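Below, subunit A partners subunit B and then partners subunit C, in two separate complexes.
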Partner chain A sequence: MMHWIDIAENYDFLMKGLFITLKLALVSVSGSLLIGIILGVLRYSKIFLISWLAVAYIESVRSIPLILFIVFIHFGALPYLTGESSSFFYSSCVAFIIFTSAYIAEIIRSGLNSVERGHIDAAKSLGLNRMQRLSYIILPLAVSRMTPALVSQFISLIKDTSLASTIGLIELTRSGEIIYERTYHETEILIFIAFIYFVICFGLSKLSAIWETKPYMCTEHREPIGANQ
Partner chain B sequence: MITFENVSKSYKGLNVLKNINVTIDKEEIVAIIGPSGCGKSTFLKCINGLVPVNKGKIFVDQIDVTAKDVDLNKIRSEVGIVFQQFNLFPHLTVMENVTLAPIKVRKIKENESKIQALHLLEKVGLLDKIDKYPEQLSGGQAQRVAIARSLAMQPKIMLFDEPTSALDPQMTQEVLDTIKTLAKEGMTMVVVTHEMNFAREVANRIIFLDRGQIIEEGSADKIFDNPQSNITREFLKSAFKKELV
Partner chain C sequence: MYNFDTSVILESIPFLIEGIKITLFISVISSICAFLIGLITVFFRTMGSKPLKFIAVSYVEIIRNTPLLIQLYFIYKSLPAIGLMLPPIGCGILALSLYTGAFISEVLRAGINSVASEQYQASISLGLSKFQTFRLVIFPQAIRIIIPPLGSQFINAIKNSSLVSFISVTDLFYRVYKGAVDDFRFFEFFITGALIYMMLTGTVALLTNIFENQFKIQGRSVKA
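So, the complex of A and B:
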């Protein structure tokens, strides 16, 4: 027989975990987006040293498992750098931001490269300087085209926040574990937790689909109307 | 207004422009004609520094655009260019396309810039499209917006790079009419075109380019009715044959 009553009885506890998960996801998504954009732009730079440093960061981070980052940052890097032990939440944010920003940077770079020569030439011809071209033309085009890839990266990140449970952060997954370690009814709790992750991630994915139907989103596939060649 | 002094340009060992010397005066309308791949577009894009040259100097309004320390952005804000593929910014509305550069580069107030944009869009006959995205325009409309966008910077010179090559005949006409209006207003213009009749009608001077060299130049009557070179004659024969079909 099923023990769904466990969920009702521990509802507040689970919601507290969900709140931590959402907070962690929000901070990590914003932080990694910000740093990812900066890294992506540096990677796009024409100055060799700058783009090389960005490549070095991106490639190293992408070649190391996320769990190592979380453990290493919490028990190694942060205590060593600050001289005191770090909070679970803070360590997890740092780890997720470092990890995800590398992926975001690659997405941003491919987005930047996808901007047609013609649009850049047009921006140049109007007298926009490099910074203006980047902020008003290249980045907006790149970011809007990269939305699907960015959203899927963020969905991964949201699911990956469950790894913070390994260092002891009581987010959604860990809250569930605490409950079923006591009641031994894993199935119900796990189904419930999976359902919550599904709702968040699927919702996000649907939201991005709405964004993608903006009128200008499909320009790259467009043939000029009346093209005669 | 525009002076080419011994300008050469090569791409990966291919000489696109060979020792070009030419002067274009204020308020002159020059049409550049010639076979595909003869260097017409490169010639045009050298003027606003989109294509860097290998040798020689180009002066625009007495400023050397090939100099190392030149402020290209400043020159580009004085020289409008209209591309074959329109190159409107797809994420901006028609209004935003037209007002972006005046606001950001010329530092004109947003309101003033909008009023100016309305005048220009009225001039090209697209007042009803201000809130549309480029995606929602026909090719001819997009190209006219592109012209308005360039004019919004109040350029001293307008360059047209095969502005009608991507358009069907009916739309070609609406774009050519817009360009003709500009010509009458005394704008200095350099037009790369395949439309021989149009070149003949608007241009004060025709330059015939072939394999990166100026083969012949002169008034429209001289080039079309009495071409001196065999290459020009052959080209015109085939060009007009195409236009008649």
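So, the complex of A and C:
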């Protein structure tokens, strides 16, 4: 006997959770894009210490589980730094930005690396200066090639926002938990929540697949997947 | 300045080591299962019949587009309803294997696609069966390309295994958190936990590099 009526009865509550999930994902992705770009550029810095620090940040963040960041920042770091307990939304945002920016920095690096030497040489021989080369040749190519990877990082982020439920933020997953802790009909609620996540993430991945068919992606010159690690 | 107390960590080393064992157990077992699942899925997907292909594609897309936490909760809370009782650690291994398996199958698929289709046609015309083609011709070539991304999937498996603590498995993350809460020593425990996870994932990264060099063929660059 399935109890799908639970979903209809709590529909508004679940949608409120979905709204928080999307808000969290959007705020975090904007923040981590900003920091990711800065990190990606710092990585190429001429000063050894700065580039080394950027690499150390990226590599260490990438080898630690996200949940460690969320719990540590919410219960340990932010209360210590500010002297008062922080809001669930704020600390999850900080954790997601710290975590995702490291991945975005890697995407930006491989996007910049994907621009062929020939393009840059051709631009040089046409007399474009460094700034012009960057803004007319390298960035347009790199950005369009980075887009699929950035979208898939955004999809991971949307899925990862479910981890914010573990510190108590009432986003989609937690609102579902609250409902089934009361009704004990876990299966229906979990299937419904999974379906919502699926629709958002699958839709995004299909959109980015359309983008990937654009002609200037010229995939034959790109390095094989993972060859750059 | 925060006064960093190492004695709480030293006291709880045996407690944490027990957690490392559980984390390693879960990630190793589920990585092996995930690799097998990935192999089967990609075989169905590239060489199976239409219904098999559909099953493989839906499995991969459903798993890849829903959060692992929801899958864990689903396996932990909904499987008993249909009469399948697993211990929490079994649920964790099952969920993690299915999750990582979907990602590994995508990695394998990318590797297989990088092998030229003429090779496939040539081996079929030589009279090899589909399975033999897969095993003897395509897989040995693809494996060289997929080692690095495969390694990063195993690293992800270690990191994702921390989520099993939410279905009451006392793994490393659970113990780090419990130690931090019990003594109210967040900085000490979380920095130790982060270092341990970095050591575990770093070991896998190192092994990946070693394997990559092992499988390299002299004078032949691996390019897709």
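Just so we're on the same page, the second predicted complex is superposed on the first by the 200 of 229 C-alpha atoms of A that agree within 3 Å, B and C clash if a C-alpha of one lies under 4 Å from a C-alpha of the other, contacts with A are read in each partner's own complex, and residues count from 1 in each chain.
Here is the rule we use: a contact is a pair of C-beta atoms (placed from the backbone, for glycine too) under 8 Å apart; a residue touches a chain by one contact, two chains touch by 3 or more.
Note that the structure is predicted; figures quoted are calculated from it, not measured.
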Which of subunit B and subunit C A:H119 touches, first, second, both or neither: first
First (subunit B), second (subunit C), both or neither touched by A:P65: second
Partner chain in contact with A:I155 - subunit B first, subunit C second, else both or neither: second
First (subunit B), second (subunit C), both or neither touched by A:I193: second
Subunit B versus subunit C as contact partner of A:Y90, first or second or both or neither: neither
Partner chain(s) touched by A:T173 [first = subunit B, second = subunit C, both, neither]: second
Contacts of A:W4 with subunit B and subunit C, given as first, second, both or neither: neither
Winner by number of subunit A residues touched, once subunit B and subunit C are compared: C
Which superposed partner A:P140 touches (first subunit B, second subunit C, both, neither): first
Contact residues of subunit A, present in both the subunit B and the subunit C interface: 224-227, 229
In the complex, subunit B residues that touch subunit A: 45, 48, 50, 72-74, 76-81, 83, 85-91, 100-101, 104-105, 133-140, 142, 146, 149-150, 153, 165-168, 171
Subunit A - residues contacting subunit B, complex: 116, 118-119, 121-129, 132, 136-137, 140-141, 144, 215-216, 218-219, 222, 224-229
Complex contacts: residues of subunit C adjacent to subunit A: 2, 61-62, 64-71, 73-74, 77-78, 81, 107, 110, 114, 145-146, 148-149, 151-152, 155, 159-160, 162-163, 166, 173, 176-177, 180-181, 186-187, 190, 193-194, 197-198, 201-202, 205, 222-224
Parts of subunit A lying in touch with subunit C, wherever the complex brings them together: 60, 63-68, 71-72, 75-77, 80, 155, 159-160, 162-163, 165-166, 173, 177, 180, 186-187, 190-191, 193-194, 197-198, 201-202, 205, 223-227, 229
